[in-house]
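You will see two complexes here that share chain A, one where it goes with chain B and one where it goes with chain C.
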Partner chain A sequence: MTEAVIRRTASGKMRIDCVDKNRSAGFFLIGIAVLSTLGFLYLDIPWSKMLARVPQMGIVFWKLGHFDFSNFDLIGSALLETISIAVLSTIYSLILSLFFGMLAAENIFKCRVLSSAVKAFFTFLRAVPTPVWVLLMMICIGMGPSAGIAGLCVHTTAFFTRAFAQSFEAVPSETIEALQSAGASKVSVFLNAVLPSATPELVAWTGMRFEINFSECAILGMVGAGGIGYVISTHIEGYEYGTAGLAIFCVFAIAFCIERAFIWIKSKQRAC
Partner chain B sequence: MEPILTFDHVTKRYGNGVCALKDVSLSVRPGEFISIIGPSGSGKSTLLRSINKLISTTEGNIFFDGENVSALRGGRLRKNRSKIGMIFQNYNLVYNLSVLQNVLHGRLGHMSGIRGILGLYPEEDKEKAWTLLEEMGLEKFCYNKAGSLSGGQKQRVGIARAIIQDPKILLCDEPIASLDPSSAKVIMDLLKSTAQKRGIPCLVNLHQVDVAMRYSTRIIGLHAGEIVFDGEPESLSDSVLERIYGTSVTNLVAGTSDEKDWQQAYAV
Partner chain C sequence: MQSEKRLYSILFFCIVGLFVASTCFARYNPFEIFFNLENFQAFIVDDFFPPAIPTGLKLKAIFQGILTTICMALSATSVAAVLAFVTALFASKRVSPIQKSPKFVRGFATFLRNIPALVWAFILFSSLGIGTGVGFIALCISSYAFMVRAFAETIDDISQDNLESLQAAGASFIQVVFHGILPSCLRGFISWFLYCIEVNLRSSTVVGMVGGGGIGLVLLSYLKGFKYNMSFTIILAIAVMVLLVDALTNYLRKELDLE
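Up next is the complex of A and B:
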């Protein structure tokens, strides 16, 4: 056996870090530096022109800031449509993902092949961005909110399945064992022990994703899935900055409210 | 009386080559209260967990209630498990659910189909859970979250969950290892009284020799996967203890069976 020796730096100070260091962080930073340089060179950004346009930006924001309330009924109905799309897509995905999450979690059916297959499938779905899914759905079922819901559902389900599976896997195996040893079936163990244990986390994921879906809806409107995004893009194109500004502000206000609401729900959950 | 559980030359070898049980043979009859003692890694948990096939054995047969456990699978295995109550060191409750719900989990193995999956318990089971919790002195906490209870109270919920199964045997894996001496006494007393009252045999893994001496009708000593002692507490001499723990009695913290020491340690 080798003698234990205190490691010191060149200046004689005692070292306290591990011998075999994990160098991945260093490689990561170097990689980022190299990639950003390459990106910068490839895109050839005209910085001088951009700087010259900064005052223009100020003017646009100034115009957006002068809210025009004359089209408020239009904005209101578009907002309602957007919220409905966000709510429905989140709820449908939630239900689907409870099922797929159960299959994807390795500690429920204890079948590696099944969970790996489900996870791989949803990783593929997640790799394709939401607007692309919405465009694909529009080809299938036509323009409008239903395409938005379907497209959002694909991505949200893929996201939830992975997140939920992770939450299910975090439930201690002893808890599962306790019900298993009482003779409960796998689905029964899932519904009676795993799901209740993971509920607070599921609520947190749902809140987070609902917020994302709401803002995502704003973008989806621009590709033709209806809602507030459509109102924003048409009014900007028509130089009606007042209406567009009000719509943008409403999106902000609602997103903020959603976040506060879920923080409140979480604090209630912890209290009881 | 017919033995309810029989180990017939059982050997368990883990994938890494560790032989956790070596040619273990024993039988358990109704009404017995058996403590299994032995040093860490001697195979106590392995022995207990092989009974309900949480661990499958390598050689030999385990007969429980007339069936060969090693051959059971799927629904038959679940049916068999529903007749075996298990109590854990870390209670293993679902902390987000109420105490009542946790106790009722013991009934899931007896319920078939959709009712079992959704946890739609019959009224009589709910009444029974309530009565059991009264027996455990926990009726005040029935509707509290299980996570809000103290360790000793959680273990009492664990006992109620096992008893409501109407088990033919109780397996307890270090039921008092996470408890202070006074709650440990409460748990051991409850365990013994509830089991004896119903004639359910108990197999208890213990680290405290003195507790084993006090409560057991029979003690099994394991050393490196082998049974080196199987008999009444009275015949557990110092030399036997040395064989079980592989070290001189003077090196054992709680090696004495002295009544006075015991009372000191467990003073309430």
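Up next is the complex of A and C:
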């Protein structure tokens, strides 16, 4: 081995890492550190004022910890409403985006213009945060769970369409060509070849999005779409910390159960 | 193959059951939106279009809002990432110097993660008051919890051989971290970090709406004042901001060779 191949530091130690790759990561980290510091200074947060209020935070957590079960029926029905919003919005967007995902995937209709148009449209929908959509739907449909479902659907469909299109495009082209050469139409190629081979991924995406949708639902109540978020925000604002604490705990418990359930499903999938 | 089919049919029936139950409960009619289509169209055509062009002070307020939102997302993610890196070392089974710590740290992170950022914001607002700082802390908490789990999994995923050989050669915990974990996990950490920035940019808009400052607050004040033309402009501005940051993170992913 020549001397040129073995890189040595000034003290004569051999460098065994890949210099080029690590350098770009180093630059990136330095850049992020500088920008974050600048951003931090720009925000100009009054830390001393906030530090002085930290004891108050302890009191709030203490009060939140003392659950008040007197309003449990209210919390229960709000929780059920939240769960049904999450379920319905996930299912409706699942159906919609199977269709749009088919249009957006490049390997099914082989029409670049169509797929890029669909993709661009949904990228725009995805870029606007969910609560904005829900607020707009509330203005149109009125308060209540319907606005929540419709608003969540917009964002979820946009998310699913991109994810599904990616999964569909990952299906090997040999499978599709084999069916096409046997004379299958485009829709039947989609139903019989693409969809079955993408199913495991679709289940994974759905699970991930269902978790997100549940926590978004809990958020949406706070902007007025009903559900558990509404209960949490009104009770915190009314200083009834016992009820709010119980509601937050319920949100946590259900989110935890959903997460566990999907971890279990994934492990089953892998075992198959 | 047989068991896979069975799993999917069980899942399918679960989904159908859930669907029926929740439709009954929420009394949701998917065609409701079509009944309101007229309303919808009137709203979009009359109220939303054309987007107003902000001038003078309004333009300045929008720019400041966007800058605040970006700064909040970026620095909250960075602070959370540094804290999460230190915590993740104790959350990984193979690396942690304390035997029992992974269970507790993971449990703690699960607790923090499963409570949405906005709920944290509400709890903090009621104790610390309203302001950018509180939004910053709320974002920090949720992304910290997310990154602890992601980082710990990245550490557990890397090959154990080099860690074991370092340990066998008598390296201390700190040496293992800097010569074993950091070089091999840095890429994974950075890609999770970029993902977190994307998520936090969206959440910081939302947290802003309930009192965290930034563009969310500006948008909500226009919506509440029924100034829909201006709100539309701000929604477009938010979309452009998110798209630009997404493009930037994608570029960085390619440049840093993360994919």
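Rule of thumb we're sticking to: the second predicted complex is superposed on the first by the 240 of 272 C-alpha atoms of A that agree within 3 Å, B and C clash if a C-alpha of one lies under 4 Å from a C-alpha of the other, contacts with A are read in each partner's own complex, and residues count from 1 in each chain.
Keep this in mind: a residue touches a chain if its C-beta (ideal position, glycine included) is under 8 Å from a C-beta of that chain, and two chains touch if they have at least 3 such contacts.
Keep in mind it's a predicted model, so treat the numbers as computed, not measured.
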Chain A residues touched - chain C or chain B, whichever exceeds: C
First (chain B), second (chain C), both or neither touched by A:71: neither
First (chain B), second (chain C), both or neither touched by A:199: both
Which of chain B and chain C A:179 touches, first, second, both or neither: first
Which of chain B and chain C A:234 touches, first, second, both or neither: neither
Touching partner for A:166 - first (chain B), second (chain C), both, neither: neither
Partner chain(s) touched by A:187 [first = chain B, second = chain C, both, neither]: first
Touching both chain B and chain C, residues of chain A: 199, 272
Residues of chain A defined as touching chain C within the complex: 17, 21-22, 24-25, 28-29, 32-33, 35-40, 42-47, 49-50, 53-54, 56-57, 59-61, 64, 80-81, 83-85, 87-88, 91-92, 123-124, 127-132, 135, 139-141, 145-146, 149-150, 199, 203, 215-216, 218-219, 222-223, 229, 232-233, 236-237, 239, 248, 251-252, 255-256, 259, 265, 268-269, 271-272
Contact footprint of chain A on chain B as seen in their complex: 52, 54, 78-86, 88, 90, 92-97, 105-106, 108-110, 116-119, 145, 161-162, 165
Chain A contact footprint on chain C (complex, rising order): 1, 3-4, 7-8, 11, 15, 18-19, 21-23, 25-26, 28-30, 32-33, 36, 39-40, 43, 67-68, 70-72, 74-75, 77-79, 110-111, 114-119, 122-124, 126-129, 131-134, 136, 183, 186-187, 190, 193, 202, 205-206, 209-210, 219, 223, 235, 238-240, 242-243, 246, 252, 255-257
Residue ranges of chain A touching chain B (in the complex, touch as defined): 172, 174-175, 177-185, 187-189, 191-193, 196-197, 199-200, 272
